[in-house]
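Just below sit the structures, each encoded as structure tokens.
Each of the next two complexes has chain A plus one more chain, namely chain B in the first and chain C in the second.
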Partner chain A sequence: MNLNRWTAVILHELLCTVRERLPQLLLAVFVGMIAASAFIGSSARTSVTGVYREVLSQGLTTAPNPFDAFSPLYYARNTVIYIVLIGALLAIVIGVHSTLRDRLAKTTDLILSREVRPASYLGAKLTGLAVFVLLLLAASAVINIGCVSVVVGHVLSFGDGARIAGFYELAWLFMLPFVALGMLAGLYASSATSALLIPIVVWSVMIFILPLLGTAAHPVSLLNPVASPPAAEAGFFSFTSGLVAPFSVGEQFKHVSALILSDPQAAGTMTGGLLTIAAFAVAGCLAVTMTRRERMRCEFHD
Partner chain B sequence: MSDYAISTTALTKRYGAKQALNELTLSVPVGEIFGLLGHNGAGKTTIVNILTTLLEPSSGTAVVGGHDIGTAANQVRRTIGYLPENVQFYDNLTLGENLMFFARLSGVHQPGRRIGEVLGFLDFTGHESQRMGTFSKGMRQRAGIAQAILHEPSVLFLDEPTSGLDPQGVAKLREIIIDLNTELGMTIFMNTHLLAEVTKTCTSIGILSSGTLIYQDSVAATLASFPDQDSLEDIYLHIEAGQRP
Partner chain C sequence: MTEVLVLARKELTDLRRNRFMVVLFVFLAIAVVLSVVVAAADFRLKIAGYNHYVDALTAAGSAATAPAPQLFPLQMLRGGIEYLEIIGSLFAVVLGYSIITKEKGRGTLQLIFSRPLGRYAFATGKILSLALLWTVTVTGLFLVITATLLLVGNAPLQGGDYLRLGLAAAHTIGYLIMWSLLAMALSSLTRRTGTGLILALVLWLIVVLIIPQIGDTMDPDNQIPGGLFASLQVDKSHEQAVMAHFTGYETTRDLIEQTSVTKHYERATFAYLGIKNDYNQKSLGFIWAGTFNNTLWLLAGLITSIGVARLAGTQKIILRKVP
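Our next item is the complex of A and B:
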């Protein structure tokens, strides 16, 4: 497929996604998440500072306000869990919509009866969605930097701004395999309902079940933006941790995000987590582009 | 260039134990409007899928527009236009946006100009900005024809093109098909159930029964060969029942 056709598919993908009003919905969700994250941080700061001033005025402490030591990046930290929970699900929905669209519109035969290889066509669709998610996250990053600047009362330094931008780049890489997962479900599922249900089950396994097997973590602790540490002393969990940790892509994302956002609780290096997330993204993209012509032409059973 | 737009030799397709096509040998001369008739499940759509390179045959060969479907599939794709049965298009996009996508996908130069020409030819201008979701079945079929001829194919495949259309829609589509053949010189291969339409539209017919081609001739010769039958429908039922002339 030549460059013009590749561009045509990318533009078509973007246009269809915009017409389905997904960008508006997604941007609203992201802005809501970011605003909620900043508001929670701001409320915590106001409450703690209020208590601190009262205690200070009563002469009960001479210690500095604990919030004075906090990095502005603290206010972006909750966004990590929103990406894992809501961002990944939205990525799945975008992916499912993309491939279901052709099957529901019955346009697959029109496309494949032209000089278009399935791998090129699906690759171009995936590129279109990757561009879409990137634009969405870029807008979210700008809004996030703005929100944090408002909360801390000054414009963020270049370094802090770059870290938030870096976090959103990581979020893009993290969301990409979920877009691919959604596309695969749209291609392989025998009904539109199962196309949406199957990737959500896979997502819940990757985000909740695997970390539980590997860390013996309390389920609620998985909602913490910082990755749960492995249960080193337990024989079974130390064994399973080695097996499932690479597949706990949500925990890997939380770990790398915590390092990028300078979370004081975060320790270690980014390399392993980054490689895991990148490997998932590459595997997802390859799986989509390896879909066969016959598979693309399959009709629904319902 | 061969005198035949389409020719197949012992074309066979099996789905597991089921034989969908049985050593089909068929030739459609350039410039014909060929109607393929047959009962449901006879294998009509399977032939079209193979000739449009969407499906690989189990054995046998086929040449479309002078190109072998097995060894020169991309050249075949450049040569053909295709309108499947019940195509829906992208309802959230306008007619113009749908056609622009297919024009670019077909590698059409100056797609905007070409879309204007095609819509003008089909007497379908003025709907470019209308969303496809608001189109009637007849309008969708015209849009389907438009996307199929954007890249100026020499062979056009239509799968049940008049299915579900009202009488006015059928008449309009018939007019378009004849114009495509006479004015643009396209060879047209269509599957259909509407035998009355075949008499009015097609120049030659083939009858397929359980994957086997049991009859092929021109419409005029067919009508002349069965003087005791009142219509093509009667002739079709006669031949299907195994009573050849």
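Our next item is the complex of A and C:
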């Protein structure tokens, strides 16, 4: 097979990532939870319907069952949170491993002695990882559609399937900046520990701290796939929300996902959230490809 | 015993000089303080909203009254405790991991073990230093939290509140030491740099985030923003009566949550701080009766982690895993 440099790096990156045992552990947790999410959703919905019937039989409410309007896509809802938690961490770990591998093995010196531009080399590595994430999410989408079909007892309609596929496309865009963040940490950190830790700290800030500043949502409540309630229109949280909302990528992802998955509670449009996630992805990719040659050859202090 | 103290002192000196760790602790302190500031701002908004409502009622000539929002200062710590639960445990993992890998990286393990040390002296010295570090750090954090409550939250703390804060701090110390020791043990048992950290991170992910998330998702009241019962306009007393028909489901959900030591930590601290309404303004005896199993499970986790860290930190095991 005749490969050009770009394709060779992409294939090499894919091969190395598939061979890494530790990311595989995270991968197993991720795929396992995606498969389990539909059944967790089914159990929750059954219990809520039971609770509603009991409330109705005791004459305590006249309100309609809030779940009556829910489509089969409700069962895919939990997946959103697994992408935010496990998917993003997996993206960070494979990104860090990708650049750390080169620095630890000192292969960068050898590669850069050839006629290779750092931007195209790093761009090809990033493309390889992006393809890996895409394949992983494609497999997850198939598993998810299969599990939801089992739970609802029939094959999902084309429209519902397309919505789940659309959600996984969004998940790919969401995971991409975390891959880039991991790669950057692997390139810039002075030790393997800080290379892994810094992006995880950044992730924890984006997912758990920024939403609190903008909406007063408690950190543990952010583990729920229901997006945090919007900030008040005036006062302290209106001000802080304006400042931090664009950086709360996790909340933006949850909001756009809820719209894609037809969550009846979701309101508004997806343009803002989509643009924010895309902007992060572009910024991350640009930052990786703009890394200088000297930085790629930096010594380690581990 | 002297050798253990020497090792612990050396470890504490190392940690004090580690700027990265100092930055992490400062970051944790900022996150916790911010959560109290945000809770205080949220409460002020509720008071402003209440005053606005009362003014509107008065202007409309209505004699109806509404109960004013009540300030329970320790409830403002909910976000802070959740940060310690999630981010604090993450940093504890990193700390426990680095305490062994730095020795592997510097090649000092062979030198240390060339001295006549007792079988468990090395691990015990490390465990002692971690215990001291977390005791000092968490005490400092809770002092900062208390000062923030008093200054920013304008919270009038009573004598009993300080005791409750002390009990919450004690649970936090045990919880964070446990995570550091588990990471230390995994780091001792793995050869490659990063392997121990990723294994510990996967464990952290499952115990701290995934299991509680599954439990929360299975909670019928968490299915709708604002709560299922609120949306159906069902009050608390009726809610309990309804849920009494779903004991089997609730027991299963509770069992899933109880497999996470994080949930035990959360339940105990939330009870002592009155964050959980069932325990708010109740005596310590009442709270202990309701949550002693959570405290004991946390203690069991701590004791297990000490045992595992001591066993994994012996010369025979640790030198076998040096790259």
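Heads up, the rule we're going with is that the second predicted complex is superposed on the first by the 265 of 302 C-alpha atoms of A that agree within 3 Å, B and C clash if a C-alpha of one lies under 4 Å from a C-alpha of the other, contacts with A are read in each partner's own complex, and residues count from 1 in each chain.
Just so we're on the same page, a contact is a pair of C-beta atoms (placed from the backbone, for glycine too) under 8 Å apart; a residue touches a chain by one contact, two chains touch by 3 or more.
Everything numeric here is computed off the predicted structure, so don't read it as measured data.
By the touch criterion stated above, A:P66 is placed in contact with chain C alone, chain B being left untouched.
In the superposition on chain A, A:V55 makes contact with chain C only, while chain B stays out of contact range. Of the two partner chains placed by the overlay, only chain C lies in contact with A:I40; chain B stays clear of it.
For chain A, the partner that touches more of its residues is C, with chain B and chain C as the two candidates. Note for the complex: chain A touches chain C at residues 22-23, 25-26, 29, 33, 40-41, 43-45, 47-48, 50-52, 54-55, 58, 60-61, 63, 66-67, 78, 81, 85-86, 89, 93, 97, 100, 191-194, 196-197, 200-201, 204, 208-209, 212-213, 216, 218-220, 223-227, 229, 232, 235-237, 265, 302. For chain B in complex with chain A, the residues that touch the partner chain are 49, 52-54, 74, 77-78, 80, 82, 84, 86-93, 97, 101-102, 104-107, 147, 151.
Of all residues in chain C, only 20, 24, 27, 31, 34-35, 38-39, 41-42, 44-45, 48, 78-79, 82-83, 85-87, 90, 94, 97-98, 101, 105, 193-195, 197-199, 201-202, 205-206, 209-210, 212-214, 216-220, 222-226, 228-229, 231-234, 238, 241-243, 245-246, 249, 266 touch chain A in the complex they form. Those residues of chain A whose C-beta lies close enough to touch chain B in the complex are 2, 4-5, 7-9, 12, 15-16, 19-20, 101, 104-107, 109-116, 293, 297.
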